[in-house]
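Consider the two complexes below, in which chain A is the common component and chain B and chain C are the respective partners.
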Partner chain A sequence: MSEHIVSVRVYITIFLALLVGTALTVAAAFFDFPWRLNTIVALTIAVAKATLVVLYFMHVRYSARLVWVIVASALFWMGILFAFTFSDYFTRHWLSTGY
Partner chain B sequence: MIESHATTQEVHGHRALQHHFENMEQQREAGTIGMWVFLVTEIMFFGGMFLAYALYRNMFPAAFASASNHLDITLGAVNTGVLILSSFTMAMAVYFTQVGKQRPQIIALVLTLILGLAFLGIKAVEYHEKYTDRLIPGHLIPGASFGPAVQEHDQPMDAHKLHLLPGATLKQVEMFYWIYFAMTGMHALHMIIGAGLLIFLIIWSMKGRFDPEYHGPVEVVGLYWHFVDIVWIFLFPLLYLLGRHFEH
Partner chain C sequence: MQPIESFEVPAPSKVNYINAQYGLKSWLLTKDHKRIALLYLASITFFFFIGGIYALMIRLELLTPQGDFLQSTTYNKVFTQHGIIMVFFFLIPSIPATLGNFLIPMMIGAKDLAFPRINLLSWYVYLVGGLITIYALLAGGVDTGWTFYTPFSTTFSNSYVVATGLGIFINGFSSILTGLNFIVTIHTMRAPGMTWFRMPLFLWSHYATSLIMILGTPVIAITILLLAFERVAGVGIFDPELGGDPILFQHLFWFYSHPAVYIMVLPGMGVISELVANFSRKNIFGYSFVAFSSIAIAVFGFLVWGHHMFVTPQSVYAGMIFSFLSFAVAIPSAIKVFNWTATLYKSSISYDTPMLYALGFIGLFTIGGMTGLFLASLATDVHLSDTYFVVAHFHYIMVGGTLMAYMGGLHYWWPKITGRMYPEGWGRFSALVIFVGFNLTFLPQFIAGYLGMPRRYHAYPPEFQVFNVLSTAGASILGFGMLIPAIYFVWSMRYGRHAEPNPWHLPGLEWRTQSPPPTENFEVTPIVTWEAYEFAPPEETEVVGRFGPELERT
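On to the complex of A and B.
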């Protein structure tokens, strides 16, 4: 069996990192950052936490290439969903006709 | 012919090997990939709701911040911790199955189930608070349609009253709560399904069904459980934390 077994050490490290990330995101929420940085900081921490879960808890780092392709395809289609919808909604006010 | 088949089984076969797979490794990998394809559909399903959230939050920023500030940040944060811990115990369950330790494997699965139920319990407490504060949107609950008390500026602060930021209306706050209940409700439904799957895993592992060669079901349920955890990792900051910095 060529299956990679992730060590307990790695699991504990990731678990602690996720807890730190949660504490960070709560702390950051009470700071009044300029512009939309509050949202950007919150999303960056969330993406970092999700990446740790996907790579280590879900073993993607040690999985077959095909799994990487499948995960990437999900992100790609999510990108289409958001990009095309936003490009519609956030440009509507450019027209004087309204909606 | 039957004889030669039996011989092949004895040499290469594991009792759990299905006839359409070459060996256990191929079987496990096919299962993992199948689960990932399902998770892609799940990502798109939740993605649609995150999109709705993003659009309405952009339309009604003040109302979304006001409504979000009414959520219980402590319960939300504790639940995030509970879910992360449950993901850790789930990962440990997979690990103990891979190294063939049955007792720790069962303990890890039971702990995961308990933590999952604890999450749902805390969620239920939160839902009940929203119910008593009349924040269930529309007329979903007969006799308790949406109609929270609004905090007036000249009155003492009341945690059960909704504090509206300038520019927010109750109708827009109701929109936030539709999205809040749709997303957390769907997430909770996934947790309930996950808890059901865990019960099956616990029964099967007590029967000694899994070993280092055959643990596809534990691995696959693990993937599902971690996915549900990831959804919450995004829901928590987006629903609970978005308006806190306006309060200062």
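On to the complex of A and C.
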């Protein structure tokens, strides 16, 4: 398999982007957003950063389709974890048993 | 069709993977999958011995209703450490890391696994994880139960939770590396002609196991990490006072740990498929059903974890879904059991030691699986939760299933691994002793649990004593039964009869090379032109078992 060489410039750019993301996370923590936006903002920044790491640092952007399938299946499995866990949390209050 | 008689087995060479190189260094730095399998074999046997000593202590304590042998706090540590050692350091690596490591390349006609260095690394990672865990045990032990439930593990326990967790965390990477290696090997290194549907079912089950290892293990690693963060740094993940939820721990823990049960039992099912087909000398009934049921178990196994939490504040609606899916996952397991049984029908069964273990497995796994359905029912589970019924159920799966399959597989491939035969008479005798001892140990626990005896207590009401006396007596027989193979396996390595390349007269690729195999497994890359379990017509190979056609012909 031929290895794609990523230039140092790309690495530094991504690294700086991650630093900006971290700064944004810290900055956002000082604001109390209305509704459920606190969680949504924090998770959005985190997902964006994770995506950069996966695409560039882990070379997935330059990898074969099979690698994309593997990444997608991992995300799908995380989806299972979230969906079934939330099936508990979102329906707990349906029965007012005092919990 | 290639009759078994016409196999081209190369003349035995004096050089094989065992004597190709000498010295400690040649073992510790080996990249040969067969040698690494033996390194694993020695390591997991060591951990099995330690876990067994803890089991002995548990059974001794429970012989009498009073807590007279161990204090309650010591007892908590003993059952915790029994569970941790047996689950993480014996059962999970048992079949994949030893038999899987040894056989996967041989069964597909490859020279080694795809990543030999990673294979060796996985063993070292396993050792580091094991040593850290042993340090934790020696330093003071851990008393949370192998499940590490919060808030006890994060807030109240005074034992070595973080150190033990670190050991398990590191050990998880060994599991991931092994799974990765197996998947890549099976995808890319099959010999010419070895199509997916010509693969022995052992490979399908290991493929499914590897999927679980890769997809599930990172979650337990993260969960343990979060637990450590909360315990050490007070980060609020599971503590309600800090905004956390203790049930979240159980969700995360069981997302891995329920599929981990399938990591333990799926390779065992692969072994049993080999044994049933080969010792009844018949193509397996419904090959593709057995193959895909492994994948189905791997996938469905991830959707049922909530059945461990029916008596927690988990939503009853989620509970209903988990209950339904738990019943659903029984289907692929049942497909296997029915297909094995159908394979036996009108076949030519030989009752050699491996087959005795296989038949034992089918019976015990069925009991273990069916009692699992009791626990998957929402209402029944309320009565049975945290009783000895649960203990009996999962021991029927893990010991009656995995351990029986492991022992069966070890006997079956022992001639290939060591080049020596084990003593068949002693083999059959010990298989029967183990079967009897096992049932005497765990059947009474179903009854005691059903009548209300809780698990994880060092003292219990006197009316349960009769069940515990039976159980301890059974455990003694089981322990004795396990010692017999331990002795004769070691004995056979020096004094056992030399094994032929194909002592069972079977078509699988691993039998088409010398025993023990050369370092490269095969002199030339085999070309596969036959189906899995394709036996010669009965008139050509009418004699089965060890004293088969070879002797008849000569």
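One rule holds in what follows: the second predicted complex is superposed on the first by the 93 of 99 C-alpha atoms of A that agree within 3 Å, B and C clash if a C-alpha of one lies under 4 Å from a C-alpha of the other, contacts with A are read in each partner's own complex, and residues count from 1 in each chain.
To be clear about the criterion, a contact is a pair of C-beta atoms (placed from the backbone, for glycine too) under 8 Å apart; a residue touches a chain by one contact, two chains touch by 3 or more.
Values in this document were obtained by computation on a predicted structure and should not be read as measured data.
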First, second, both or neither for A:Ala72, with chain B first and chain C second: neither
Touched partner set for A:Phe15, first chain B, second chain C, both or neither: first
Which superposed partner A:Trp94 touches (first chain B, second chain C, both, neither): second
First, second, both or neither for A:Leu81, with chain B first and chain C second: both
Shared chain A contacts, counted only where both chain B and chain C touch the same residue: 73-74, 77, 81, 85, 89-90
Of chain A, residues touching chain B in the complex: 1-3, 5-6, 8, 11-12, 14-15, 18-19, 22, 25-26, 29-33, 38-39, 42-43, 45-46, 49-50, 53-54, 56-59, 63-64, 66-67, 70-71, 73-74, 77-78, 81-82, 85-86, 89-90
Chain A residues within the chain C interface of the complex: 73-74, 77, 80-81, 84-85, 87-92, 94-95, 99
In the complex with chain A, residue positions of chain C that touch it: 215, 219, 247-248, 251-252, 255, 302-303, 305-306, 313-318, 321-322
Complex contact set, residues of chain B against chain A: 24-25, 28-29, 32-33, 36-37, 39-40, 43-44, 47-48, 51, 54-55, 58, 73, 77, 80-81, 84-85, 87-88, 90-92, 95, 98-99, 212-213, 219, 222-223, 226-227, 229-230, 233-234, 236-238, 241-242, 244-246, 248
